[in-house]
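Paired with subunit B in one complex and with subunit C in the other, subunit A is shared by the two complexes that follow.
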Partner chain A sequence: MTRSVVQRDTLRGAKLIGAVAVVVALVTLPAYGDQYTLTTFIRTIYFGFLALSVGFLLGQGGMISLTQTAFFGISGYVVGLLGAERGVPFPIPELAGLALVAVTAFLFGLIVMRTHGIVLLMLTLALGQICWSFARQNTSVLHGWAGIRGIQPPSVLGLDLTQNATFYWMSLVIFGLGLLLLWRLVESPFGLALNGIRESPRRMSALGYPVFWLRVTAFVIAALYAGVGGILAAWSSGIVTPTALQLSRTIWILLIVILGGARYFWGPVLGAVIAVWLDVIISQLTPRYNTVIGIVFVVVILVAPNGILGVWERISAKRRRFREVAENEHAEALSTAPKARRRLSRAEED
Partner chain B sequence: MDTRYVILVLNGLTQGAIFFVLGSGLTLAFGLMRIVNMSHGAFYLLGGYLGLATFRLTGSWTVAVVAAGLSIALLGLLLERGMLARVREGGDLSQTLLTIALSMIIADVALAIWGGHSLSIRSPAAISMPVTIFGITYPGFRYVLMAISVLIALLLWLILYRTRFGIAVRASVDDREIVSALGVRIDTVYSLMFMLSAFLGGVAGVLGGTYLQLSPGEDTTILTYSLVVVIVGGLGSLMGAVVSSLILGQILSFSLAYAPQMSMFLVFVPMAIVLAVRPEGLFGRRV
Partner chain C sequence: MISHDAIKKTFAPLVAAGIIATPAAAFAADGTVTIGMLSAFTGAFASFGQLQKEGAVLALEQRDYKVAGKTIKIIYADDQLDNELAVTKAKQLVEQDKVDVITGLVSGDEGLSVGAYMKDKNIPVVPMYSASEDSTMREWYSFIVRPTWTGAQPMDVFGYWLAKVKGLKKIYMIGEDYSYPYNQAGGFKRGFLRGGGVEVKTIWHAVPTSDYSSIIASIPLGGKYDAVLYNGAGSDAVAFVKQYVEFGMQNRIPLFGQSNTFEKPDLDSMPQEIVGAYSAHLTADDLNTPNWNKFRDAFKKRWNHSPSAASEFAYGSMELILRAIEARKGDVADKAALVAAMRSVDMSDEPRGPVKLDDYNAAIENVYIRQVALGSDGVMYNKGLFTAKNVSQFGPYDPKVYMKQPADGRTNPPDLRVEMPPEMLQVARDYEFVPFGK
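What follows is the complex of A and B.
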C-alpha cells in the first residue's frame, strides 16, 4: 500500500519533470533548431489553435463542427484586407477580425446549434463550404483564388516579429495563454455543463440549463480560438487564400483532433504536433499525401476511435489493474489488521 | 417573355435534374441507414471519370452511364460491407467520419489517374442537336438529361412504394428491430440501399461530366450542393429531394447569370430560411 503511494508520487514527479523538460526544449528551440524547424513549429502552433477549436467542441461539447476553418480564414482575410491592403495600424485589423469571427459564429450558431450529431455535421459543413466558395468566387474584394498577399506581422512593444525566432516566442506565449484559458474554461461550471450536454442534452435541459445558449457560447469561444490561429497564420505566411478555408483542410484538422484523442485536453495539441510533422515527412516522400492521410484516418477510426491518448490510457489502465491485483494479494497475505488498512487507504485518497 | 429568362429557367431545370439524381441517393440512404455518405461527391467525380474512360473506349454514351453507375455501385457495396458495417456499433458518427476519410482517398486517387485539368464528356451526337420548341432553341441533350432525371424519380418511387424491397426499406426507417425480427435480412437491405445510392452518384457524375466538366475539387462542391438538397428537402424524403433540387437549380442558374460572384453563397439563403422555419426540412420528419 505504502509502496503505491510512493509510486504515485514518483509518477507525478516524473510527469512534472517531463513537462518542465518539454517547456525548456520548446523555449530554447531557436538556439538549436534551424529556420525550417522553427517555421514548422510556428505552423504547429497556429494549426494547434485550430485543433483546439475543433477539439473543444468535439471533446467537451460532443459537437462535430466543420465550420472552424472558415473562422480561421475570416480573421486572416480581415487582417489582410485592413492591415496589408489599407494600412490600418495594429491592433485594429486583428480585433476587427476577431469581432467578425465572433459575430459570424454567433449567427451560424443560432442556425445550427438546435441540431445534434450528423445533422450538425452536415450543416456546419455546408456553412464552411459556403464561406469557402464565397472567398473563391468573390474577385472584387477578396481577389478570388489569388487571395491577399504581403501581410506583415506588426511590431509590438519594440519586438521585431519579422524575425522568425521572435515570432516563434510570441506564438508560443500566446499558445500557452490560450491553453491556460481553455484549461480554466474546461474546469469551470460552464465546461462541466458542456460535458453534461455532451452526455445528454435532454437531461441538461430538464435540469434547467439553457442548453441552446450554452452551445452557442461554446461555438463562439471555439470560433475565437480558430480566429486567433488564423491571425497567426496570416502573419506568419504573409498570405491568405481560399485554401485556408478549404474542406480538405477542415477534414485534416478533424483528423488531427481524432488522432490525438478528442476526449482529452491534450489530444488536439498532440495530434497537431504529430500531423504537422507527418505532413512534412509525407510530402517529401510522395505526392499522394491525401491518400496517406485518408488511410491513417480510416485506421484510427477502425482501430483507435479514442485516438493515441485513448490507446495510452487503455494500456496504462491495464498495467494499473495488473499492479493492483498483485498488491491486494500481497497486502492480504501480509496483514489482517483492517483498521490500519482503512487508515492507509484514507490517507491514500487524500 | 424574354427568351433569355426561358433559357435561364431551362438551365436551372437541367442543373436541378443533376441535383436530383445526386441528392435522391444521398437522402434515401440517410433515411434508412442514418449515415450521411460524405463520399457522395467523390462517388460523383469518380463515376464521371469512369464514364469518360468508358466513353473513350466504347464511344457509347449510354454504355458509359451504365458502366459508371454499376462500378460505383460495386465500390459502394465493398465500402458498405468492408468498412461501414464494421463500425455500425460505434454509432452513426464514426460511420460518417469513415466516409469522409474514404472521400479523401478516392479524390486523391482520381487526381493521380486523371490529373488536375478539367475534362468533359462529349454529349452523344445523336441527341445533341438543338431542339426548337415554341420558338426557343435549346440543346436537345439537356432535354434528355431532364428526361433521365424524371425517369429516375419515377423508378425510385416505384421501387420504394411498389416492391418488397421498398416495403422493407420504409418499414426499417420506422423500426429496424421489428423488421429484422419479422425475418427481413436488414443487412442485405442496407447493402442494397447503399448500392442504389452509390449507383445514382455514379450516374450523376456522367450526367454532370457531360453537362459541365470534371475536375479535382469538384467532389466537395458537388457534395455541398447535394447536402443542401438533402437539408432543404428534408432528410430521407424523395419528394423533398425533387422540390429542393428544382429550387436550387433555379437559384444557381439565375445567380450565375446575375451575381456570378455569389452564386454559391445565394444557394445558402433558402437553406437558412428553411432551417429557421422548419429545421426538419420541407418534407422531412423530425429526427
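What follows is the complex of A and C.
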C-alpha cells in the first residue's frame, strides 16, 4: 500500500516536472527555434483553438458539429471588415467579431441543439455550408473568392505584434488562458452535466437538468473558442478568404480531434500539433503529401478509434495491470496462485 | 523503476517537440541561389500549376541548374489555390528556406495575397500566370516584376477588334465570379465600348459551377445580342462549352471566349462544333517564329506535348530570373540590384514575341487575336489571325488616367457605352492590327 502511494507521488512529481519542462521549452522557443518554427507553432495555436472547439463539443458533450469552422471564419471576416477595411481601432473589431460569433452560435444552437446524432451532424453541416456559400458568393461586402487582404495585428501595450516572436508569445499566453478556462469548465458542475448529457440526455432531463439550454451554452462556448482562433489566424496570415470556412477544413479539424483523441482533454491539442507539423514536414518531402497524410489519418482511425491518447492509455493500463499482477504473484506465494490467476483473468476482462 | 517510466512518459512529448522544433533549416550555401516556386499544384487550377512547372523546369534544365557558377536550387510549394495557405507557404519559403526569389503564382488572388505579405520582405516576386492587374498597378511595389500579363491586356485588344473591325454592337458575357475574370471583363468592356460597341451585358456565376442549364436558357435570343462571351476557364469552361453545344446554342448565337477558355489542354475536351470561336491571348498555337519553334520543339521533346501559354509564361519568367542572376554574376545578396538587373534583361528573344517592361515592371508585348481551328490531324488548336504589337497593361490609355479609375470589379467598368467615363472612350492612338505572322 505505502509503496503504491509513493509510486503515485513520484508519478505526479514526474508529471509536474514534465509539464514544467514543456512550458519552459515552449516559452523559450524563440531563443532556439527558427522563424518558420515560430510561424508553424502560431498556426498550430490558431488551429488548436478550432480543434478545442470541436473537441469540447464532441468529447464533453458527445455532439459532432460541422459548423465550427464557420465561427472561425466569421470572427476573421469581422476583424477584416472593420479593422483592415474601415480602420476601426483594436479591440472593437475583435470584440465585435466574438459578439457576432456568440449571437450566431446562439441562434444556430436554438435550431440544432434539439437534435442528436446524425440529424445534428446534417444540420450543422448545412449551417456551415450556408456560411461558406455566403462568404464565397457575397462579392459586394465580403469580396467573394478573393476575401479580405491587408489585416494587421494591432499594437497592444506597446507590443510589436508584427514581430514573429512577440506574436508567438501573445498567442501562447492566450492559448494557455484558453486551456485553463476550458479545464475549469470541464471540471465544473456544468462540465459534469454536459458529460451526463453525452451519456444519456433523457436521464439528465428526468433529473431536472435543462438539457437543451446546457447544450446551447456549450455550443456558444465552443463557438467562441473557434472565434478566438479565427482572430489569431486573420492577424497572422493577414487575409481571410472563404477557404477558412470550407468543408475540407471542417473535416480536417474533425480528423485532428479524432487523431489526438476526442475523449481526452489534451486530445485536440495533440492532434493539432501532429497534423500541422505532419503537413509541414511531409509536404517538403513529396508532392503527393496529401495522399500520405490521408493514409496516416485512415490508419490511425482504423487502428486507434480513440486516437493517439487512447492508444497511450491502453498501453499504460496494460502495463499497470501487468505490474499489479506480477506484484501480487510475488507477494502471495505459490499457495494462492489460483487467486492471482483469477485476478489476471479479471484484469483482462476489464 | 516505475518513476523512470513515468518520466519517460511525461518527457516523450517534450522530446518530440524538441525534434520538430528544429526542422531541416536550409542554409543557403555560398554556391547556391534558391528560388521558391509557389503555385497551385493541386486543387482546381492544378493543370495550370503543372503546365507552369513544366515551363520553368525546361528553362532550368537547359542550363543544367547552373548560372554564373552558382547552382540553382528550386523549392516547390503547393498552396492548393487557397490564399491563406499561399501566405503560409510564402512564409515558409522566406523564413525557413531563405529564398532569393519567389516565383510561380497561378491565380490573380493568389498573386495579390502573396504580394501583400511580401511587401516589406525585400525579396523579388516574379508572378508567372497570376494576372490581376493591381499587382503591377494599384498595389505594385518595386520588388514585383511581372514579365507576363494582366487580365485586361489581351481583352482590351479583343474587345476593340470585335467592335471596330467586326462591327459588333452588343455582347452577352457570362463570367466566373472572382478577380481575374473581373479584370478580363474590364479590359474587354473598355476596348469594346471604345471601339464603338454599345453594351456588354455581364452575368456572374460562382466558381466552380457544373450545371449551366439555367444560365444558358436565360440568354436572350432573337438578335438582341451579337454574341456570347464565356469569361471563364478550366473545368468550368469545359462544362459550359459542352452544355452550350448540347443546347444547340452555337447555331443561334456565336460563342467567344476569354483568354483561357479555349487554352490547351482544356480545348481537347471540347466538342468540335466550336471551331471558329474567337479569343485573344499572348500566344497562339501556330506561332511560326524561330524563337517559338525552338522553344516548342524543346518543350515537346521534354514533356511529350505542346506548350500552352502557362508553360511559355513560366519559361520566360524563369529565363528572366536566370538572366538577371547571370548579369549580376551570381551575386544575389543585393536584392534591389537583382531587380534592377531583371529590368534591364533583354527579352527580345522571348518565344511568344518580344517583351519589354514598363515603369511598373509589367510586360509590353504582342497580343494575338485567335480562332479555334481544326488541324489536319483532326485536333483543334488556336490559330492566330491578327497581331497587335507593343500592347501595355494600360492598353492605349495614359497610365495616369487609367489608374484613376476604380479597380475592375463585378459592376465596374459599366456595361453601357453611355455610362462609361468619357476619358476612357477616347485615346490619342489606338491599336493597329497586322495579319498574324507579319
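Simple rule for what comes next: the second predicted complex is superposed on the first by the 322 of 350 C-alpha atoms of A that agree within 3 Å, B and C clash if a C-alpha of one lies under 4 Å from a C-alpha of the other, contacts with A are read in each partner's own complex, and residues count from 1 in each chain.
Everything that follows uses one rule, which is that contacts are C-beta pairs under 8 Å (C-beta built on N, C-alpha and C of every residue); 3 or more make two chains touch, one makes a residue touch a chain.
Worth saying up front: this structure is predicted, and the values here are computed from it rather than measured.
Engineer: Per the contact definition in the header, classify A:V298: touching subunit B only (first), subunit C only (second), both, or neither.
Structural biologist: After superposition on chain A, A:V298 lies in contact with subunit B alone.
Engineer: In the overlay, answer first, second, both or neither for which of subunit B and subunit C A:G147 touches.
Structural biologist: second
Engineer: For the overlaid complexes, name the partner, subunit B or subunit C, with more touching residues on subunit A.
Structural biologist: C
Engineer: Please work out whether A:I118 is in contact with subunit B alone, subunit C alone, both, or neither, and reply first, second, both or neither.
Structural biologist: First partner only, subunit B.
Engineer: Just subunit B (first), just subunit C (second), both, or neither: which does A:T139 touch?
Structural biologist: Both: A:T139 reaches subunit B and subunit C.
Engineer: So, A:T28: does it touch subunit B (first), subunit C (second), both, or neither?
Structural biologist: A:T28 sits against neither subunit B nor subunit C.
Engineer: Touch check for A:Q129: first (subunit B), second (subunit C), both, or neither?
Structural biologist: It touches subunit B, and subunit C stays clear.
Engineer: Regarding the shared-chain residue A:L11, is it in contact with subunit B (first), subunit C (second), both, or neither?
Structural biologist: Only subunit C; A:L11 stays clear of subunit B.
Engineer: A:V240 in the overlay: touching subunit B, subunit C, both, or neither? Say first, second, both or neither.
Structural biologist: In the superposed model, A:V240 contacts subunit C only, not subunit B.
Engineer: Please work out whether A:R43 is in contact with subunit B alone, subunit C alone, both, or neither, and reply first, second, both or neither.
Structural biologist: A:R43 contacts subunit C only, not subunit B.
Engineer: What part of subunit A is shared between its subunit B contacts and its subunit C contacts?
Structural biologist: 133, 137, 139-140, 287, 289-290
Engineer: Under the stated contact criterion, what part of subunit C meets subunit A in this complex?
Structural biologist: 2-3, 5-7, 9-11, 13-14, 17-18, 20-25, 41-42, 76-78, 82-85, 87-88, 91-92, 95-96, 108-109, 112-113, 116-117, 177-179, 204, 206-207, 409-410
Engineer: Name, in rising order, each residue of subunit A that touches subunit B in their complex.
Structural biologist: On the subunit A side, the touching residues are 64, 111-112, 114-115, 117-119, 121-123, 125-127, 129-130, 133-134, 137-140, 246-248, 251, 254-255, 258, 287-291, 293-295, 297-298, 301-302, 305.
Engineer: What residues of subunit B sit close enough to touch subunit A in their complex?
Structural biologist: By the definition above, subunit B touches subunit A via 34-36, 38, 83, 86-87, 90, 92-94, 96-98, 100-102, 104-105, 107-109, 111-112, 220-221, 223-224, 227-228, 230-231, 235, 260-265, 267-268, 271-272, 275-276, 279, 287.
Engineer: Applying the document's contact rule, which stretches of subunit A touch subunit C when the two form their complex?
Structural biologist: 7, 10-11, 13-15, 17-19, 21-22, 25-26, 29, 32-37, 39, 43, 133, 136-137, 139-140, 144-147, 149-150, 164, 233, 237-241, 243-244, 270, 273, 277, 280-281, 283-284, 287, 289-290, 316, 319, 323
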